[in-house]
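What follows is a pair of complexes built around chain A, which joins chain B in one and chain C in the other.
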Partner chain A sequence: MELLDLQTILLSGLTLGSMYALMATGLSLVWGTLRVFNFAHGSLMMFGAYLAWTVCHSRGLGWGLSAGIVASLVGLFALGILLYQILVKPFMGRLNLVLIVVITTLAGSIFIDNSSHLIWGPRMKRLPRLIGGEFHLLGTSISAQEALVILLAPAILILLALFLKRSKLGMAIRGVEQNREASLLIGVNVEWIYAFTFGLSASLAAMAGIILGSIRFITPTMGGDPLTRAFIVVILGGLGSLYGTMTAAYIVGLLEATCMLYLGIYGTPPVLFLTMVLVLTFKPTGLFGTE
Partner chain B sequence: MSPNLLEVNQLATGYGEIQVLEGVSLHLKEGERIGLFGPNGHGKTTLLRAISGLIRPWRGSISFKGSNIDQMTPRAIVDLGLIHVSQGNTLFPRMTVLENLHFGAYPKKSWSRRSESQKKVFDLFPRLAERKNQRCSTLSGGERQMLAIGIGLMADLKVLMLDEPTLGLAPLMKEMLSEAIARITAEGIPLILVEQDVEFMMELTDRIYLLEGGRIALESTPDEVDEGEILKMYFGGGD
Partner chain C sequence: MPQASPNKGKHLPLLVSLGVLVIFPFVNPSSYMQHLVILAMLYGVLASSWDLSMGYAGIFNFGHMALFALGGYAAGVSSLHFGLSPWLGILFGALASVLGAVLVSLPVLRVKGIYVCLVTFAFGQLCLHLILGQSKYTGGSNGLVMIPPISMGGYAFNQHNNLPYYFLALVLLVCSTYFLRRVVTSHFGVSIVALRDFEDLAVSRGVAVARQRLLTMAGSAVFTGATGAVYAFYLSSVSPELFGFGYLATVLSMILLGGSSTIYGPIMGAFVLTFISEFMISFGPWRFLIIATVIILVFLFYPDGIWAAVKTVGARLGLTPKAEQQ
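Now for the complex of A and B:
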């Protein structure tokens, strides 16, 4: 393998890994706390990118990138809570909750995808970059934006980890995740924690969407592949472990970068799924899983 | 105005289609300690869960200080000071002992007082203080029970309800727990103690109820009741 290949894989893999880490962490949070899988997560990512674009771009509101980012994060937080109220809350307590929510959130994603298509049209859009320019690193050139992404995602995830570990609300989220009934008996408003977590997860998806939208393109179907990858990451990393999810995200990112280089776009998904299946065969709870 | 602190009247409830309680009535006065015993599966835990709001009554009522509480959420009931330390799995396995305790002080009223509450808990259970930064999944059975009760004590406690605190514990542990609970109630905290270990229960209560087949089959005091009779009920004596 040439050195150039290695560097390309490394940079590409880290960028992808960063994005998957943001997506997968959101999914993992929802699974851990609510015990459901949100199949609308990819659509939320896409919607977040479009929302940021609309607020920032001159053909939308033209308020600039920062406003776009804030609007997207806040807007998706609200949308996440709304989705929880409509698609999840009415079915809490039912025996087949997981399956029901898969169906309702799939329905939700179809709705959001098609609405976005109607609102914004099929042509690709792009978010402006936070930093322009390129620089040379390790003998290859990397756009400053990509470098920012590689640094930004871990920073956000560290902030999230601190929030969960140190704040009272973060403690409540962890509590509900670890023992729902005991949390009830302590006086936690578990309902509210569910809604908040869903909203938080949506904001993380928005962040991932903004990143993807700035280094690639925004399209109504952009959420599909990342969602698939995010599921692989969550299961590979192990359900019940946020650190596992974050680590697995980078593993998957690097793996994908490697496959893309040597196997191309059609060879990559099989390899990823195969890896997941292999790991699960030997370690059914995932790499770091607890359940 | 009823002199009773907590009153349960003709309570009937269950899970799904299965009825567990047929019509239970009991009461608790200020500063009183009552015990609830009886065979397994006959409704003791269900009764506590109905009081703490985890399940809703089908018929009958529950009132605290004269007001009806049977439609309130668990959160609201905790705010009133009715603390239910449930049976078995009550801890947060991936949190440390200290975090578990702090979490117990979650409601606003209790949160600001959490340092002093924590001190009281450590004073009562020095073993927990030694292990305060350990993950509670590393604790022994007895220590977990201490922690479970400790978490309950972190709240703004008006009534303490313990569900089988001695389950699975060695005699030495039970002894220690008995002393700790006696210390707690000595400060005037009313207690509802659900127990299988009848001897343990009788040392710590002023009045006892036997719950059998979803009904109160006996109401008495530790002095008056015949221990032989009770043992017969548990192990079968045959007629």
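Now for the complex of A and C:
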């Protein structure tokens, strides 16, 4: 293996892994807490990217990139709560909740995708680079954008882990995750925790969307592929296990980058799928799942 | 169901609907309406076959659209590029679909619940990428086009307002519905429902989980693949969009709108949704906004679907027996 190949794989693998980690962590968090799966997650990611574009781009409001990012994170938090209220909350307590929510969120996803199509049109948009320039590391040059993405995602995920471990709200989330009734008994507002978790997960998706929107183009269908990858990530990592999900995200990212280089764009999905099948065959709960 | 009649009226609504479908093309002057009914019948086969795995067996199979598309692609490629007879194409379509179902069953047998949904969906995406990768044969992202029509002894099926296609679709619908109802009312059908509702008990009574699930998936794929093939010949094209969220949600809502675990319900759902969605075709993206809203509203207010409502009314009129298998 050439040194250059290794470098390409590492760079693009870590970038992809960062994005998948942000996506899949949100899915995993919602699953762990609410025991439902959000199929609209990819659409939330796309919507976040568009929202950031509208606020920051000169053809939109033109308030600059940081305003765009903040608006996107806050807006998607609100949208996440709204989705929870409409698509999940009315069905809580139904017998086949999992299946119902898969379908209602699928419907929600179609709604968001087509709304975006109506609002922003089919033309591709692009966010400005988060940061310009490049710097040198170990004798090679890395664009500052890539370096930022690679560092940003772990930073956000560490903050998330700290939040869940240390803060009162975070502990309440983990409490609901472990035992809903007991949490209710000690006075945790479970409804609010559910809504908050959904919002938080949507904000994480928005962050992934902003990253993807500054690397590639923003289109109404941009969420589809990352969502499929996030599925593979959560299966590999074990749904509900945050650390498992994060680790699996980087494994999938690096694997995908390797396959891209040697097998091309159409050779990659079969390898990822086969990996998933093999892992499921020997460990159905995923690499790090316990349940 | 071959049982002699303790309740003869039971088959009456079915015979009436069949009669209406047989007479329809001769009294209906509009070729557009006929086209819609053909589509609805094909979707009916698709949705009711899906109901076998999704409804009766409770397998969260989200790869069913992929099985349908596999059938279409297998038939299209074999007749367009290899010049095989379309009738063989239909056979290949069914075979490809069954093969796909068996392949996806292997990981599915190991997992439960939401993981099944994710694995089967990932399988669909895998098929999509494999098909896109072979663009020389499959037309890539443009889809496979210019598929020749089905013909018999030099008589092409796309003549006379597609009347031959109409009856082919009707025969397919009747055969598939008969097959599915036979399956779900058989010993096998009871055993998969038992596995869905009381897995531990069923296993302790000697039901083989893996074998029954594998057979269910394969069984639901047979007519799905054949219909995919007829769909491809009828529209003379197959599109990779069949793998997308749009079709997935539409056909899924046919099942749920009609009422899952009934076979007849999804067929009704297919008719209702095909007409609704075709009449809104000029609305552009608004059509999907409306369909998505309808899906959510139906879930909120009619969780059991139209078929349950029809049966309640039917039971009151004394047409259908109350103790129908659920």
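Just so it is clear, the second predicted complex is superposed on the first by the 284 of 291 C-alpha atoms of A that agree within 3 Å, B and C clash if a C-alpha of one lies under 4 Å from a C-alpha of the other, contacts with A are read in each partner's own complex, and residues count from 1 in each chain.
To be clear about the criterion, a contact is a pair of C-beta atoms (placed from the backbone, for glycine too) under 8 Å apart; a residue touches a chain by one contact, two chains touch by 3 or more.
What you see is a predicted model; the values in this text were computed from it and never measured.
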Looking at the overlay, what does A:263 touch: chain B (first), chain C (second), both, or neither?
neither
May I ask you to decide whether A:78 touches chain B, chain C, both, or neither, giving the answer as first, second, both or neither?
neither
Using the superposition on chain A described above, determine whether A:107 touches chain B (first), chain C (second), both, or neither.
second
Once the structures are superposed on A, label A:4 by its partner contacts, choosing first (chain B), second (chain C), both or neither.
neither
Examine A:168 and indicate which partner it touches, taking first as chain B and second as chain C; both and neither are also allowed.
first
Going by the touch definition up top, name the partner, chain B or chain C, that contacts more of chain A.
C
Could you look at A:151 and tell me whether it touches chain B, chain C, both or neither (first, second, both, neither)?
neither
Which of chain B and chain C A:87 touches, first, second, both or neither:
second
Between chain B and chain C, whom does A:178 touch in the aligned arrangement: first, second, both, or neither?
first
Touching both chain B and chain C, residues of chain A
none
In the complex, chain A touches chain B at residues 168, 171-172, 174-175, 178-179, 181-182, 184-189
Which residues of chain A touch chain C in the complex?
31, 37, 39, 86-87, 90-91, 94, 98-100, 102-104, 106-111, 113-115, 117-118, 224, 228, 231-232, 234-235, 239, 265-270, 273, 276-277, 280-281, 284
Considering the complex alone, what residue numbers of chain C touch chain A?
60, 62, 106-107, 110-115, 117-119, 121-123, 125-126, 129-130, 132-133, 244-246, 248-249, 252-253, 256, 285-286, 288-289, 291-293, 295-296, 299-300, 303
For the complex, which residues does chain B have touching chain A?
52, 54, 74-75, 78-79, 83-86, 89-95, 99, 102-104, 106-107, 111, 151, 155
